[in-house]
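Following this message is one structure expressed as structure tokens.
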Amino acid sequence: MSFNTFGHLFRVTTWGESHGPAIGATVDGCPPGIALEAEMLQHWLDRRKPGTSKYTTQRREADAVRILSGVYEGHTTGTPIQLMIENTDQRSKDYGDIAEKFRPGHADITYWQKYGIRDPRGGGRSSARETASRVAAGGVAREVLKALAPELRITGYMVAMGTLAIDRSAMDMDEIERNPFWVPDAGAAAEWANYLDRLRKEGNSVGAICEVVISGAPAGLGAPVYAKLDTELAAAMISINAVKGVEIGEGMNAARLTGVENADEITMGADGPIYGSNHAGGILGGISTGQDIVVRFAVKPTSSILAPRQTITKSGNPAEIITKGRHDPCVGIRAVPVGEAMAACVILDHLLLHRAQVGEGPRGQIG
Amino acid sequence: MSFNTFGHLFRVTTWGESHGPAIGATVDGCPPGIALEAEMLQHWLDRRKPGTSKYTTQRREADAVRILSGVYEGHTTGTPIQLMIENTDQRSKDYGDIAEKFRPGHADITYWQKYGIRDPRGGGRSSARETASRVAAGGVAREVLKALAPELRITGYMVAMGTLAIDRSAMDMDEIERNPFWVPDAGAAAEWANYLDRLRKEGNSVGAICEVVISGAPAGLGAPVYAKLDTELAAAMISINAVKGVEIGEGMNAARLTGVENADEITMGADGPIYGSNHAGGILGGISTGQDIVVRFAVKPTSSILAPRQTITKSGNPAEIITKGRHDPCVGIRAVPVGEAMAACVILDHLLLHRAQVGEGPRGQIG
Amino acid sequence: MSFNTFGHLFRVTTWGESHGPAIGATVDGCPPGIALEAEMLQHWLDRRKPGTSKYTTQRREADAVRILSGVYEGHTTGTPIQLMIENTDQRSKDYGDIAEKFRPGHADITYWQKYGIRDPRGGGRSSARETASRVAAGGVAREVLKALAPELRITGYMVAMGTLAIDRSAMDMDEIERNPFWVPDAGAAAEWANYLDRLRKEGNSVGAICEVVISGAPAGLGAPVYAKLDTELAAAMISINAVKGVEIGEGMNAARLTGVENADEITMGADGPIYGSNHAGGILGGISTGQDIVVRFAVKPTSSILAPRQTITKSGNPAEIITKGRHDPCVGIRAVPVGEAMAACVILDHLLLHRAQVGEGPRGQIG
Amino acid sequence: MSFNTFGHLFRVTTWGESHGPAIGATVDGCPPGIALEAEMLQHWLDRRKPGTSKYTTQRREADAVRILSGVYEGHTTGTPIQLMIENTDQRSKDYGDIAEKFRPGHADITYWQKYGIRDPRGGGRSSARETASRVAAGGVAREVLKALAPELRITGYMVAMGTLAIDRSAMDMDEIERNPFWVPDAGAAAEWANYLDRLRKEGNSVGAICEVVISGAPAGLGAPVYAKLDTELAAAMISINAVKGVEIGEGMNAARLTGVENADEITMGADGPIYGSNHAGGILGGISTGQDIVVRFAVKPTSSILAPRQTITKSGNPAEIITKGRHDPCVGIRAVPVGEAMAACVILDHLLLHRAQVGEGPRGQIG
């Protein structure tokens, strides 16, 4: 990862500001011959799109993606794919106050300190709007994965919002698409709606935890020791706006386990090794085991809130700030499709890296 | 990060296996004219060195580092610095069993699946021995930081081991060097000693949480959006052997907070902005604020344990495994100096990146 | 350099095909606070623009560049700059034949062999149209150079076309802008016009040699040993379409010299070392000396010609090919502004790399 | 390429100074399971070794290479391979004068200006001794190529020395190993011996042109547009010490050709396309055609000569310099195996890049 590019071989460079004319992603290194149409990407963008429920920002963006290059007669050519999304609903006047005052918990102050200039309209480059570009690029990765690893599935969902969490014993993946929280638990969805309504009306916001599971990934992905698969997934997730923590498998809880508890015992199945548990989250020594890969990340509460907070102005004067404008009361909700997109990009990148160094598929046979 | 290299401009490539003739690090991009002697690096290696207490592996390694290049008359020349540590205490016979059986929770099986060949002696490349190279390279980074950011301090310590945690109200940084756990709490140190003794005698092991604090870092470090400072610190930590989770500031707990609670309010001090709290862990929008930078990571329990576990052999036959040899009952202990070293490398790398793009120091003035 | 990106810190990723909706460049790592307007870039694009004389392709493109991101109120923000040029004059029907037959000397066949798919319209990604993106990005680099190295000048011109060459004793840099060949020799310009007219009427084309001189560059630029300044300039130039050879200073002729002849003797001037000659082309050991940096490159003749040549079809059948369409009789002419643009990008990238590792300006004093 | 690393996936980082304890290369990204022993690398190092004839430096170095990591039981493991060559014959006293005076045409002055410090012993990092590391790494690449592309051959030789050149009509590849100049022309070898003897006795030196031919490379290698195969080969060659020009196929002479002359006409053979000529040097649009890949580079004369030249000291005082010590009268001779090694690294890197993006072999069929 480097400035605005991530990935080694499947490389995504995103560009654009919240209230500029457009945002987008330049996708380089894509394998050729993959069927690709804008509609395939639109499907994923629509999931992240603002304004789809009262729990997300009321900004109205079509988020219509155009493919400007790299595709000929409906197939990728192996040359760079330019994905552009025009910004259409920029009400910059909403943000006048922010040009002078720094929002506590927001990147306003650090962008100013670092660069000495920033586009304050809608948070400029630091806006979560940048994540639409990630979703578009992730859509490309998903189409390639369909061809290279047809068994692979990537599923994201929320597991906690504020002080509320799902009941893992009641998880039902079919519920994910049925509620505005992408939560695999119908009971939680109802409860969370009330909770977030209340916070929203208070002009407050709240954090969340998202989980992404990658099933059907082959064993052998990951490039130890500095491009381990867990390292790269973690980096991908924590690069998403507002993410403050990331976990693989047991995550922070691994600290509480003993070696006896943590060992995922192995037996031999018809198609290869079978594990008695998955504390490892599908990754050992930075390389995938073939089990489900499980990554989880915490999203902090939106820092643009209506409740007044103490801050300073550019001139160093004390000020109180109330952030008007249209903000997500829980930005974690829209982080779910972003996390999925990042996972798709990382897994594809490592499929390509593995194919480069080792060839097709895992190398060492068992049994 | 890429295969065995990390860093953008201050680039460290580590090499070597646990029981090969030597391990080491090639450090490229180091600024010239920095005073550097092997003894300066040895200081840090001695902290990570095995065999210093009964709570770490009893392998006896001098871990003596030699500088083979890049230094002339005691100063760096700007050319690559080769750091070599010879392996002296390799009792490979201890590991015979491991060549055929896969340790549950260990990289044995995935290295085999990925590469179709692996050096089983002491875990080969997947051994935590690799982290000695990181500590040596981190020692170089620290000497450069002394010159470029003399106020900067990097302090690592343990905050939890298994089910035990420190009492943050009783933290005393002077205690860190006084106990074998690098724990800033004398009471915890005594309690942990009993706890780990018991586990060790049972042939078991346990996880831990380490925290690294960087104080005195200037505002403005970090390269959004894919080389954010938190992204890079997180990636650096989770690339360390056995790390399963990583947190910046509030970390996973940020999910539980509301926007009102999470906002670190700002006032103006004599030397710049002052924050009323540090939920952000010193980083906003991927850029340092000038506050303490706080990163935390969970280390899983050592998977090489004496307690018997079910596994399979390379041939796919069921087997029971007991890992003899000399292992750390809590590998998290020796992860503390490694986490510090990684922090030093990341911060230096970003000082150089910032200097490249923006020039010396932060750009935007406040007040 | 990597797929479609070049540069270490000032990183340019170009995208787009000859006859797609648009082409462009994503410029990352640009220093903040630099005055930048589309008009500044248009100036350079207009020099490369097709259809400005009868010696270049008659395709009519406005080559109007838009800045979609990274600039706020007329200044760069340090975030990625997206430069887009819409394609307006794509007469794809002209190229029907090329979809089936491979042009000798053209990338048609290798793109097909590599990717199994290609956009044949106007050469797709392999078209020299891609170089417009380079010129736009180079325009950004020039504006940054104005701020960081105001003394620096980059001047490109042609020194040979086919069997004709300039008379170096008659060189007059003021002539460069006065003729359609960017040739610093009024006599040559007249002669070359006749020569190229004749070739054009025959349906033939011809090669050329371009030279780019960078004056006013500080001593100390270049990152030995694999990012030497000459390595990077050479790579930049030979990455331009149709370039087959590249030289620094004496270039290939250095092979003919003795050590006595080749030594650029040094004396001390008021402002530093003065060299009695410049066989080195301003670079020693991969690092700039402060002298003029001189790079030269040979451009092969356009392979799309009206004269019939033997070839095969995709099906492997023999065929004769005559390439209609609108082609440059000497593509080397329009390579001049491209070479200048690449030089600007490389020099800026190395100014930033040097500033990162060593700080501002050269480090070692003389005298 | 970046500082001291080259390659994208097969990445080589070299380190070490002429008169330090050792030099070496860290080779990362090597495919696993390749048979590799130190003797295989030694074979190539012995060809480059100094002191093998009176036409090379009389420094006596065994150039014995040790493999410190990445190989287990005689096969590569996919982890980094550390190659170390100890320096044994460093007579640093020979170089006393150079610490104060700058040799005209040498990197002495620029290393000083850039870094403000340099290791003057034997030229330090700027010494051609660094190329031994390249040859060792190239030896690894050759062993991998044997497995991945068994038909591939890499052959380097000299085609010109000073004002003398080979007679291409008399070329006999079997002669290459029979003379100290690696020249495929017995007549030239005799003539060159006299010529170089004379220059050597005068305390002078001379330049040379080397050519490297890669035969048997598959079509489809190269990653347009900034990692074109010709770009990467050119960069690899010009990164070698003292190289001032580089050519692919016709090279600089391509400028003199018309499109009719330059077109390599295509017919269909039993195994694929056949080209009537090879002006392209086996590369079109940056991608290999399957023909012989031909790259040529000019090496300037050694700048360390016994003939007196005018220069200055570090203090800026005028001085005359005569460089004693043991120097190559024609450093181009020992550049031949270095050029071969670089070619091996580039080709392997691109085989891996191609395998990553496109899979095994070329994709598009003809016929």
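By letter and in written order, the chains are A, B, C and D; residue numbering begins at 1 in each of them.
The criterion applied here is as follows: a residue touches a chain if its C-beta (ideal position, glycine included) is under 8 Å from a C-beta of that chain, and two chains touch if they have at least 3 such contacts.
Nothing here was measured: the structure is a model prediction, and the numbers come from that model.
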{"item": "More contacts between chains, A-B or B-C", "value": "A-B"}
{"item": "Centroid-based (C-alpha) most distant chain relative to subunit A", "value": "D"}
{"item": "Separation of mean Cα positions, subunit C and subunit A [Å, integer]", "value": "39"}
{"item": "Geometric centre distance via CA averages, subunit C-subunit B, whole Å", "value": "45"}
{"item": "Length of the line joining the C-alpha centres of subunit A and subunit B, rounded to whole Å", "value": "26"}
{"item": "Per-residue multi-chain contacts in subunit B, two or more chains", "value": "2-5, 14, 29, 32-33, 78-79, 114-117, 125, 224, 358, 363"}
{"item": "Subunit B partner contacts - residues on subunit C that touch it in the complex", "value": "9, 29-33, 78-79, 224, 352-353, 355-360, 363"}
{"item": "List of subunit C residues in touch with subunit D within their complex", "value": "1-6, 8, 14, 102-107, 109-118, 125-126, 130, 160-163, 199, 204-209, 219-228, 230-232, 234-235, 238-239, 241, 244-268, 273, 276, 279-281, 283-290, 298-305, 307, 309-312, 314-318, 332, 354, 358, 362-367"}
{"item": "Residues of subunit B touching subunit D in the complex", "value": "2-5, 11, 13-17, 20-24, 26, 28-29, 32-33, 66, 68-70, 72, 75-82, 84, 114-119, 124-125"}
